[in-house]
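Across the two complexes that follow, subunit A remains constant while its partner is subunit B and subsequently subunit C.
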Partner chain A sequence: MADTKVGQMSEDVVKAPSMMTGAVPTKDWMDVPAVFKPGNYCYPGKEEMAAYHNKNLPGLFGESRTWLVESDDWLLPENWKEIIIQGIKERLDKFRSFKIFMDCCVRCGACADKCHFFLGTGDPKNMPVLRAELLRSVYRNEFTKAGKILGRLAGAREMTFGVLKEWFMYFYQCTECRRCSVFCPYGIDTAEITMMAREILHLVGVNTNWILEPAANSNRTGNHLGLQPHTFKENAEFLLDDIEEVTGLRLNSLTFNRKGAEILFVIPSADVFADPGIFTFMGYLLLFDHIGLDYTISTYSSEGGNFGLFTNNELMKKLNGKMYAEAKRLGVKWILGGECGHMWRVLHQYMDTMNGPADFLEVPKSPITGTVFENAASTKMVHISEFTADLIKHNKLKLDPSRNNHRKVTFHDSCNPARGMGMLDEPREVIKAVCNNFYEMPENTIREQTFCCGSGTGLNTGEIMDLRMKGGLPRANAVKHVRDKFGVNTLSCVCAIDRATLLALMQYWNPDVEVCGVSELVGNALIMEGEKERETGLRFEPLEGSEG
Partner chain B sequence: MRILKSLGIVLVLMLVAYLGAAVPGGPALFGVVFPWLAFLIFVGGFISKVVGWAKSPVPFRIPTTCGQANSLPWIKQNKLDCPSTTMGVIGRMLLEIFAFRSLFRNTRAEIHDGPKLVYGSSKYLWLFGLMFHYSFLVIVVRHMRLFTDPVPFFVQALEFGDGFLQVGAPVLYQSDLIFLGAVTFLFARRVVLPAIRYISLPADYFPLFLIFAIGATGVLMRYFLRVDVVSIKQLTHGLATFQPVLSGNISGIFFVHIFLVSILMAYFPFSKLMHLGGVFLSPTRNLANNSRMVRHINPWNDPSIKPHSYASYEDDFREFMVEAGLPVDKELPPKPAAEDAPAES
Partner chain C sequence: MKLVELLAQKEDVLVQKWLGLVLGEYPADAVRFLGKKADQFANPLGHNYSTGVSGMFRSLRVGEEFELGPVLEQLMKVRAVQEQIPSKSLAFLFGIKRIVRHECRKEWTAEIEQEWPEFEARVDGLALQAFDLFMASRERLFQVRLRELQSGSYLITDHMKCPSAMVREEKKRQKTES
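And then the complex of A and B:
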């Protein structure tokens, strides 16, 4: 739980002096230093974690060492400034996006109040434009004539330790959600700038453990939790017991690492492990059993979520590579992906480019409806919501939506499926088919304008709870709106990080609202052949009419 | 401070031109050499900047999807905000460039007791931004009259349209009014809104002052001071045909005007004004959202980055896997009862 009580924070965000509450800082932003104190930074990466990654991808993770964020000596390599400037240069040459975004911002401020971190903290450096200026100012100093000649007059400044601290603070208060980019007249995507900044920070070993360790786990054990194959399988099988208890059916369609299956199903690993993801997982299994899908889950490629995305494109590629490798080894026809946000950013916009071509797979075709997923013709990966929506459209599912009558549902568009993929209506189609009570949050807070959960890109770590609760405020506030207006008690989503972070967010701001994956709602509504009459939902909550 | 500095620079520039044009050789310098030079810098700088951008590849296809994607046939795609074809992208870019689509989405957030966040529609920036850019464009095109002979048809038509109110003599152009009004708004907004003031750099104020001064001197010349248009046209037409003629009747304010324009041209490629070029190349806008449909090629993709292999994964965990009934590629060696310690966790 957050350190600050919710009552106090409710006051703070409205009254404490900040740019959101009308207070104007007296000092120029370049003169306001970043000060770390417990609760406002993520713990740095453990020495062995950086060492592990450095072994796999030499040179990208700096020197491994034990360092303290609050210390004034981060034990940086002697030539750290050079490394950083060189790092910027290299990326300017590799990414047109970065180059253009460094040059084109007119500081119109259209993006300023679009960032959830700014709305929640009122910290001017959380305005996307200023977040970008933190790096842009150094860019000007090193790479533009005006900056070199005019210095500060041109908005340029030198790279110093103070600047480095600022970067570590504010590029880890950005969840790469891309909301700012929707509003920018030039499409400047501060998420992209944050990615560059984080890549560069890693070069000098400035990192966070909550990203490095899960990434190391994903590499070795296949999933970010570090579950070994037998544990992964066991966990999944526990959930078969739960399904049996709810439905009276023992499913025997779940297999692992099975060669010759038609479809490889990749999930975010939290779905076999953590509440409420496990209920989503139960939903997947019921669905596949219901339609008799020939699928398998891999323990080797058991993590859809890609923690590499939060470090650098190289590690992202390395972790992602497992999916195609495993699909090839097992000889499946195509890959189906579970509910996970960052996972889908990678799958949709990076995977094929990095690790394709997937010419050993077939263009995905639903074995049940015959629908060919032309939109995935090259990558050969389909999203579970696309797959389910298609099944529903073709009337292939027997559904009893009244089993979700105890739920008044709203839907949170996760940043990546919304703004990095454009998947907006598929999950809605599914929800509307399996629930009778669906309510949308206000239009400025959903679809392409959706607000982040406040804890994406590896920020869902316990030591920065206050910050997360502030960053999540815009989302929580929109949920509160439909809770008060329609009595919404369920916040559904298609993202594993959301299922973890929204849970904490709701417990803090709207304690009576539960969080679930869309597939959980599907699992509740599915009428399975030979099942007993259901008295509870998948999380053993009583159904409407069967309480008391 | 940032504001005053920028204003000061513009005032000094004006003074320099005014005084400079009055000394012998000044008119040639300010009326001929600087404009030519500035034009060269503008064209050369603009091209080299754009070429510089274009030199960096676009490694990933990363459009920001601002609407429903192309998906199942019965799900309605938002073809302009989330295009999946080249035609769609062209549509999106046209909207972005000519109608400032993204800016049109603008909202204003406020926090109230509760806490309660509210988002109001806020279209001022969009409106004044459009007014500014379009009137600027109209004015630039109108100025073509000074460089051409005969004056092209569309320039005349534009002049006529621009002056359709037919008030004043000489006829008042609406674009002049709109232009000065919009620049004033953009400046006022920067000063009045605390967040915008906080992020503004001298590089934001300077072009505003410069452009305002250009507009103001132009208006002064046309409507109030009534400068000698014939000799000015002689000069400007000469600039375009490389035979500039300087007659004695050109007043100082004209040199101020043309010098500021020269400064603007020379400053342009090195400043944020390059957003004019950048907007065409922005990868979050000018790419189709078809990443799963058509493979995008990254020229520097590194094939040597391989995933941790399945074989080494199985080597790590084979015993557990066998015990748990998971299929393995390589069976366990028939082993004596030795219990190997499992790999570290």
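And then the complex of A and C:
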């Protein structure tokens, strides 16, 4: 807590310009420095984590060292500016989209008020246009004639330590959710600008631990938690005990690393460990048992979430490749994916270019309905909500939606499945079939206009909880609306990071709203053959009519 | 004219000035946007401020006839995550005293001067109520973080250690102790 001087305080209250006149600071954005203080930045990467990544992908993660964000010396290499300029140049040559995005913005401002971080913090540098300018200004200075000649007049500026600090602050206040891109008349994908900026920051070792360590774990053990195969398997099996307690059935269809299975099922690893993801996992298992699916789960490719996406394209490619390597090794026909977020972004937008096409697999075909998923003809990977919606459409599931009557449900479109892969209707079809009480949030907060949870792309770490609550305000505000209007008590979604972070967001803004995965609701409603009469839902909460 | 009548008559301008005071803390480029009366979902921060400030003013004007609790709580939740020290977060609450005196200087009478201490006391009461809610919000924020650690969600948020690592450490500890 700051040392508050009473005299100074009363002076501020009476004389500060904003207090008396409503006058506001009017400095040009280039003259407002980024100031780091506890709570507004993520902890930097541990030395050994950067070293680990450097060993695997030399040169992409800068020099490993212990550094402090609040210090004025980040222990950067002597030639850090050259590295950065060279890093920009290489990427301009390699990625045509980056070059176009640097050049084609006309600063129309359509994106300015669309970012949840701007809407929640009121910081102009979180306007997507201005965030991009942080990088674009350096691009102009180094790579355009106008910038070289006219300098600041042309919106150009030199790369300095102050600029570097700005980059670290604001490119880590962007969750790459792409809401702003929906409104850009030129189709600029600002998320890709953030991706480039983060890649470039990594080149000089400016990083965050919450991203480096999960990415290292994913590379080493297959999942971001660093769980070894036996632990992963044991935990999944614990959940079979819970299913048995709720339904009276011992499922025996769950297998690991089984060669010759028809389908490889890839989940975000949090679904095996963290509340409330574990209930989603129980939902998956019940569904697969219900329809007699021939599937297996891999302990090698035990993470859907691609943490490489938050570092650089090489690591993203490598982690995505693991799923396909495992599919090949096990000899499955196609891949089914769980309720994950950035796994789908990577899959839908980058997989084909990086690792595709996956010709050794078959075009996914539902063994139950015969539906061929042409949309996945190249990636060979289908989303669990697409798969479930198809089952429901063909009447292949026995459902009792009244088992979810204790829930008044709304649906949060997770950014990556919604905007990253265009999956908007399937989860809704599923929810409507398994729940009797479903209420949409306002139109400008859902579907392709959905608001981010505020904690994606590696920002879901505890040290920036204040920032997370601000970034999540637009989403929480829309949830509050349906809670007040319809009594909504359940916020469903199809993303593991959402399930973790919306939980915190709700506990702060709307404490009586719970968070769940869509497959949990499916698991509750499924009428399993031979089951006992259910008295509770999958999280042992009493069903309507069986309270007390 | 009584103070309460004057406040009713000038409600719009007084609320706007008060709102301007708190929005004035934000950079100019943001204020232009936050002050807009846009759809509440397109401008949640501006909406929360404007609902909060007009609610507080109404409560000062009509007293307990207006149920301020939920509105003030929401406003304080917003203020509690603005990364400012408490005094700075709450200072704007007292600003309404100066705003009223300044905006109503032409209509100021001896009668109003007599009523003034009571109004000031009401503002102070409001500020104290707000302070409680502000601190409750900070407390809640810490609880949320604590719960994240305890519930296991930390595994995908803070990334601490996996259970098997904890078991190994526990075994190691027991071995050392024995």
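Following the convention adopted for this analysis, the second predicted complex is superposed on the first by the 523 of 548 C-alpha atoms of A that agree within 3 Å, B and C clash if a C-alpha of one lies under 4 Å from a C-alpha of the other, contacts with A are read in each partner's own complex, and residues count from 1 in each chain.
Going forward, a residue touches a chain if its C-beta (ideal position, glycine included) is under 8 Å from a C-beta of that chain, and two chains touch if they have at least 3 such contacts.
Model, not experiment: these values are computed from the prediction.
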Three-chain arrangement built on subunit A, subunit B and subunit C clash or fit: clash
First (subunit B), second (subunit C), both or neither touched by A:106: first
Which superposed partner A:477 touches (first subunit B, second subunit C, both, neither): both
Touched partner set for A:32, first subunit B, second subunit C, both or neither: second
First, second, both or neither for A:96, with subunit B first and subunit C second: first
Which partner, subunit B or subunit C, touches more subunit A residues: B
Subunit B versus subunit C as contact partner of A:322, first or second or both or neither: first
Partner chain(s) touched by A:60 [first = subunit B, second = subunit C, both, neither]: neither
Partner chain(s) touched by A:368 [first = subunit B, second = subunit C, both, neither]: neither
Contacts of A:251 with subunit B and subunit C, given as first, second, both or neither: neither
First, second, both or neither for A:187, with subunit B first and subunit C second: first
Of the stretches 9-17, 45-53 or 117-125 belonging to subunit C, the one that collides with subunit B: 45-53
Footprint overlap on subunit A, comparing subunit B with subunit C: 13-14, 19-20, 22, 24-25, 29, 112-113, 119, 124, 127, 226, 228, 230, 442, 444-445, 473-474, 477-478
Subunit A contact footprint on subunit C (complex, rising order): 17, 20-21, 23-31, 33-34, 39-45, 47-48, 77-78, 81-83, 85, 87-88, 91-92, 94-95, 98, 137, 140-141, 143-145, 147-149, 151-159, 162-165
Parts of subunit A lying in touch with subunit C, wherever the complex brings them together: 1-2, 4, 9, 12-14, 17-20, 22-27, 29, 32, 37, 39-40, 112-113, 118-120, 122-124, 127, 210, 213-214, 224-228, 230-231, 235, 268-270, 273-275, 277, 442, 444-445, 455, 460-462, 465-467, 469-470, 473-474, 477-478, 481, 496-497, 500-501, 503-504, 507-509, 511
Contacting residues of subunit B [partner subunit A, same complex]: 5, 49, 52-62, 64-72, 74-76, 78, 81-82, 84, 96, 100, 102-103, 105-109, 111-117, 119, 125, 129, 193-204, 270-272, 274-275, 278-279, 281-285, 289-298, 300-302, 305-310, 313-314, 316-317, 320-321, 323-327, 329, 345
In the complex, subunit A residues that touch subunit B: 10, 13-14, 19-22, 24-25, 29, 56-57, 92-101, 103-110, 112-114, 119, 124, 127, 129-130, 133, 144-146, 153-155, 178, 181-189, 192, 219-222, 226, 228-230, 233-234, 256-259, 299-300, 313-314, 317-322, 325-326, 329, 347-350, 352-354, 356-357, 371, 373-379, 381, 386, 389-390, 393, 418-426, 429, 442, 444-445, 447-449, 473-474, 477-478
